[in-house]
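Sharing a structure here in structure tokens format.
Labels run A, B, C, D and E following the written order; every chain starts at residue 1.
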Amino acid sequence: MPGSLVYVGEKRTQSVKLQLMDFTETDLTEKLLDRPEDCLAFKDSGSVSWINVTGIHDVEIVKKIGELFGIHALILEDILNSGQRPKLEEAEDYLFLVIKMLYVKPRESRITSEQVSVIIGQNYVLSFQEQEMDVFDPVRDRIRKTVPRVRFSNTDYLAYALIDAVVDHYFAIVEHLGDRVEEMEERLVVRPSTEDLQSIHELKRELIFMRKAVFPLREVIGNLERTESSLVHRSTRIYLRDLYEHTIQVIDTVETLRDTVSGLLDIYLSSVSNRMNEVMKVLTIIATIFIPLSFLAGVYGMNFDTSASPLNMPELHFPYGYIMFWVIALMVGFGLLWSFKRKRWL
Amino acid sequence: MPGSLVYVGEKRTQSVKLQLMDFTETDLTEKLLDRPEDCLAFKDSGSVSWINVTGIHDVEIVKKIGELFGIHALILEDILNSGQRPKLEEAEDYLFLVIKMLYVKPRESRITSEQVSVIIGQNYVLSFQEQEMDVFDPVRDRIRKTVPRVRFSNTDYLAYALIDAVVDHYFAIVEHLGDRVEEMEERLVVRPSTEDLQSIHELKRELIFMRKAVFPLREVIGNLERTESSLVHRSTRIYLRDLYEHTIQVIDTVETLRDTVSGLLDIYLSSVSNRMNEVMKVLTIIATIFIPLSFLAGVYGMNFDTSASPLNMPELHFPYGYIMFWVIALMVGFGLLWSFKRKRWL
Amino acid sequence: MPGSLVYVGEKRTQSVKLQLMDFTETDLTEKLLDRPEDCLAFKDSGSVSWINVTGIHDVEIVKKIGELFGIHALILEDILNSGQRPKLEEAEDYLFLVIKMLYVKPRESRITSEQVSVIIGQNYVLSFQEQEMDVFDPVRDRIRKTVPRVRFSNTDYLAYALIDAVVDHYFAIVEHLGDRVEEMEERLVVRPSTEDLQSIHELKRELIFMRKAVFPLREVIGNLERTESSLVHRSTRIYLRDLYEHTIQVIDTVETLRDTVSGLLDIYLSSVSNRMNEVMKVLTIIATIFIPLSFLAGVYGMNFDTSASPLNMPELHFPYGYIMFWVIALMVGFGLLWSFKRKRWL
Amino acid sequence: MPGSLVYVGEKRTQSVKLQLMDFTETDLTEKLLDRPEDCLAFKDSGSVSWINVTGIHDVEIVKKIGELFGIHALILEDILNSGQRPKLEEAEDYLFLVIKMLYVKPRESRITSEQVSVIIGQNYVLSFQEQEMDVFDPVRDRIRKTVPRVRFSNTDYLAYALIDAVVDHYFAIVEHLGDRVEEMEERLVVRPSTEDLQSIHELKRELIFMRKAVFPLREVIGNLERTESSLVHRSTRIYLRDLYEHTIQVIDTVETLRDTVSGLLDIYLSSVSNRMNEVMKVLTIIATIFIPLSFLAGVYGMNFDTSASPLNMPELHFPYGYIMFWVIALMVGFGLLWSFKRKRWL
Amino acid sequence: MPGSLVYVGEKRTQSVKLQLMDFTETDLTEKLLDRPEDCLAFKDSGSVSWINVTGIHDVEIVKKIGELFGIHALILEDILNSGQRPKLEEAEDYLFLVIKMLYVKPRESRITSEQVSVIIGQNYVLSFQEQEMDVFDPVRDRIRKTVPRVRFSNTDYLAYALIDAVVDHYFAIVEHLGDRVEEMEERLVVRPSTEDLQSIHELKRELIFMRKAVFPLREVIGNLERTESSLVHRSTRIYLRDLYEHTIQVIDTVETLRDTVSGLLDIYLSSVSNRMNEVMKVLTIIATIFIPLSFLAGVYGMNFDTSASPLNMPELHFPYGYIMFWVIALMVGFGLLWSFKRKRWL
């Protein structure tokens, strides 16, 4: 049912955390809020309030915040449904952004994505993340340290800083993938193994996954830069433009990696087939040399009655018969070897 | 002939069902209509009337409804021809929408599509489906339960709810396909079989089929959102925007699945060729070891006349001849095995 | 030389046929004209005149008609050159359309195309086709039977009916191709043959051929619908819109078929390689079993002098030597068979 | 250095030829000019002057003409550099066009391109070509023969005629390539050879080469048709439109040929692999039949001491032993043959 | 942190070089500046000042220059981060350009890229490069030699000259790559080796690398040409247009090379498989001829007791038995050879 609030995502049990940073150019209040209602005091203050909600599995809390800040039910639904594409929606008195935080889980090397939703109001910024990540810590540090906080006095710059933190992390992910591609590349040439095929397939899938998260972000940031909403100030646009370029850089690198990975498959298949060919060559050479020789040996193992006629296998009685057999056998063998050499099969 | 009404689709024999829901913000009338003419009473009432026609194979009934509501002959033709692409057409006093309902038949796992046509008038909504499906039941439930029916007092919201029900079902289909892809992926690596190739081809075809049904819907909903028709109210547009995002999400996932399935083919082919290579290796190793040994045995099976000359096969008379033969044979055999091991063929 | 009139197309010898239908809402005159000059009488009458020219290889007749109706030399050149792409050209007092009629020759199953040129004037429609086809017969029937001919009183509707007849025929062609693809699909899985490769290539080529004929038509009809020419009336536009949708439907199906045919090639190649693998397996199994056994038989065929030393082949004199040979041979044989079975090579 | 005039192209030594055609609707002067300065007399006459420069390797002559007609240094640079893409540039009082003349060298079947530069002034047309080609001869003939030269009284029509001559020649090239593709297609099915692969690669490359020359021309002619320059008259635009259609037709055919050539590679690879499979089958069948038989013969060649025990190879003393051997051998042989037949390997 | 100045690129230790060229139409001052502060004197002089900074690893110097010329922190960040894409940014009183200088390192044949940043002010041009390259030397020469320096009196023309120098160098790179592709092509047909696969992969990667550097440049130059900034004069636009065409020419050639390299992979794979097939054929032929013959020899090596029955191997006692064996063996051998010849396997 549209507008009905249901959490869609991984099951989680941690308690939800509400982190508040409320600041003006000079003052700063930081605290952990116990209840969503505590936000209210900061909503219409002159200061900029950033409320970061960690954990969206508690539908009631998100709903309460939604009510307090007058957020449309459909947007709350999007916040709770962690399968959104990155997007920008403009309501009358706030902007709503969905972006994807990507990270590599330490144990496994798989890329996972977390949905980050940001609501930019006149003097508040709400950010929702699925679980605690330290990606916003540098932003907190900068707010604490930059005094006077001239730029941060606008919520749009704060929002930019949050998105920028996420996009900056993309570069780390891209580098991680790039390293894996390069490593694979070197391994493939030296010694391709059956598992490599699956690794290539996985790399491909992760690049598709990454692309899906980053590609729509380009348009989102582009739209945010060009929006007519008064919430985005002229002075912030140059930062958004910069962010836009960064996003394109990430996309570019992802595309390049995809091209490279496609090439890896060719190398793998070709390496495998090269090894196979080597095996076949050895079989051919051994078989080709010994099959005629075996025939010759078979001939002189025949039991034709040499006493019935002098035409029956007189070679058997030649004094040098056996030696001539070996001479012929070695000549045939080395002759074939030489002809293989000449054909460059060896 | 353009405008001539002929049913194009699967043969069906069930009788056509006309379900009426007529409601205002507070009152609700539900009944099954016997004849199309019974619709007339509800056409121009102040209430919102939703007439759902199940079964379009009875041309006469569709024609009659068309006449009663003043629907253009070409549009009736489209309703009857179940091979339409999703589309939106704007007439002067109504909007006409074609969408594709997708479902997985319980017995077989194939995706089938049913055409759903929706006509949005000032105070009526006509929906036509090929056969009874329970996809609209949640909408009926919501109409029954939501009191007062503020949103439903506009026909465009009702139409939105119907399309939303169809699109929501797409997610189930996509998940079903995703599961099949994942299952296939795991199976391929462990033990690829000849039927897998055909399954991959079928998956591919179903993804193409799905894409064909969903892709044009994006534009349809986009156009519906941006239409200048007074039938679509400002308040509904945000819902249509949300629906639009959902459609893109479905398309995105379908595209990702297509990419993955393409990769599956590579895995399949490579798995098959890997198994083949293993078979070939065994042949090579067995043959390469025994062919030279057989030659040696053949040599000492020759009947050169040892009495004719002491040069003829003197080895046969050596006291350790036979033992030396075995020593040589084993040395050659193990030597080759060792060299294969060193070349990593084993 | 531009504007010089030369017939470009297959050599033909039949005589050119000029079919006239001249009608108002109530009256109808049908006759075969002997000479192009006979058209003149109908050119500026108040009635709608449709002159269908069958056979464009007689340049003189086309030239004469061109002069009588004031058609630009370049357009006459296009009519005569049967290698045009579908296109729409707007002159001051007429519209010029080129479309491609596709049909499957009864004997061969190849798709052939014929160029159909249509000129829409204020109260005349000229249509040119390369040879007689019955595709326009249903249009003639409708003109004869629909009384009063309200819609046909505009030349644009008549032209629409002609194009619609051609596009309707596309569906038959698409179905024909679809049937061939499906048939091929079933055959490939059961028993791929060498000719199938060529059939796939031919199917591909015909789909490219079809695409080339239909793809530009989409734009042609789209432009015709949106033209500012007063020759296209508002009432006809809804029909053109419908035609446009049909064209897209055809293109969609052609694209889907192309995707499917690409998949067929993969199935073919994989089927062939599967069969090859089976053959190789049999070779491997037979060879792998008998090569060691042959060696063993070879060993006991050696002529080491058992009288020279008791170490020389004592087995030959064992009372159970021969039986033990068979026991060992069968054990080796069945042991290998069993190990192949375990590796799932059988 | 930009604007510095250097000839870039093949080394040539022929002397440069300046051909002048100066004409009004009624009069015509044709002569070979000795020096560039001779052009000057015709530059501002009321008549249309066409100066065709054959050979651009003499930088001085081109420079002189540039000065006389006031051509920008960058444009002269482009004329001299034969590696330009087709393009249109609009200067204040002239238009500058680069197109590519394609031709097939008689000895080799490779496609070569020559750069043709055209400058359209108010009453002069300058055309520059790398070496003498007869492609402009038909244009000269038409100028000579068409009296009065109404259309040629505008320089834009003359320029159109020149481009048209070049584009017309493309059709010949496309046909030449089409013939080669078809020929290759037939050969591949019957008897694929190793050189075919390279021929396919060459065809591919020539199609890419051709595409590179023709593709940008579409835009060039489109821009020329839509230009706001007063040098292109309304009456000429319909001819340019026609030319535009021709260019698209060429591109279309080139694209179709590229698709077909891609298919050829599949056919080639598959043909080769089919032949390989046949070879393998023969090996398998021969080996599979004779390997067990050889084993059997080997068994009865063993030297077990029949006198040591009646269990040692009693078959050797059976009166029908040898005949039974042959019976068994033939049964095994034909049995295997029959089983191969049943598996359709033969 | 956005706007924080960190050098991102290869570690370098050379000292940073500041080269100044300050000139009017007639006068010219050239010197090496010791400290960034020395620039200040030239900033607002009436003359054009070009300051070329070689080495951007000394953040302090770049920062100082940025302060002196009032460059935005984000732009300084871009200058220092050598992983930028080519781009154009317009600030109020200057334009900022990033382009990529490509060069081939003399020892290795790999393409490397260096970032070149250009800032165009009213009467100054700042250029930043990572390390000393002689690509700007021709521009310096031209400034020195062209007197009066009419064109160079605008900074936009100077900037154009710098970009042009970079783009001109692209042609050399493209030619280098083209040579390598051609060389590879010839080698592949004659004698494909295992390393070729990797070389093809490397070529592919370098073409992707090159494309990534050149592709965005097209848009950059296009935007520079169309910019509304008063810093770009009308007279310079024709040069930028020319530059734009050059860039497209480079992109075109890169794309063509990529197509060709894709084809090379097919040739490689096919060459390898052809050689493999040849090897297999030899095996087949040798085996197919000798396997039946060995069987025959094996038969006459059997020890059936000819004294037990006259039916046991009577051939052994025929006076011409042995000769007949050879006759049959040669007939079988040559018969098979002949049949292979007829099947064109030889």
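The rule is short, and it goes like this: a contact is a pair of C-beta atoms (placed from the backbone, for glycine too) under 8 Å apart; a residue touches a chain by one contact, two chains touch by 3 or more.
All figures in this text were calculated on a predicted structure; none of them were measured in a lab.
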{"item": "Distance in touch steps, counted as few as possible, from chain C out to chain E", "value": "2"}
{"item": "Chains contacting each of chain B and chain E, listed by label", "value": "A"}
{"item": "C-alpha-based rotation, chain C on chain D, 0 to 180 degrees, nearest 5", "value": "70"}
{"item": "Same-site or different-site touching of chain A by its copy chain E, using the half cut", "value": "different"}
{"item": "Distance from the mean Cα position of chain C to that of chain A, given in whole angstrom", "value": "41"}
{"item": "Rounded Å distance, chain B centre to chain C centre (Cα mean)", "value": "25"}
{"item": "Shared interface positions of chain C, touching two or more other chains", "value": "273, 280, 283, 287, 291, 294, 298, 301-303, 313"}
{"item": "Of all residues in chain E, those that touch chain D in their complex", "value": "138, 142, 160-161, 164, 189, 238-239, 241-242, 245, 248-249, 252, 256, 259-260, 263, 266-267, 270-271, 273-274, 277, 280-281, 283-284, 287-288, 291-292, 294-295, 298-299, 301-305, 308-309, 311-313, 344-345"}
{"item": "Of all residues in chain D, those that touch chain E in their complex", "value": "1-2, 72, 74, 77-78, 83-85, 87, 89, 191, 194, 197-198, 201, 204-205, 208-209, 212, 265, 268-269, 272-273, 275-276, 279-280, 282-283, 286-287, 290-291, 293-294, 297-298, 300-303, 306, 313, 315-323, 325"}
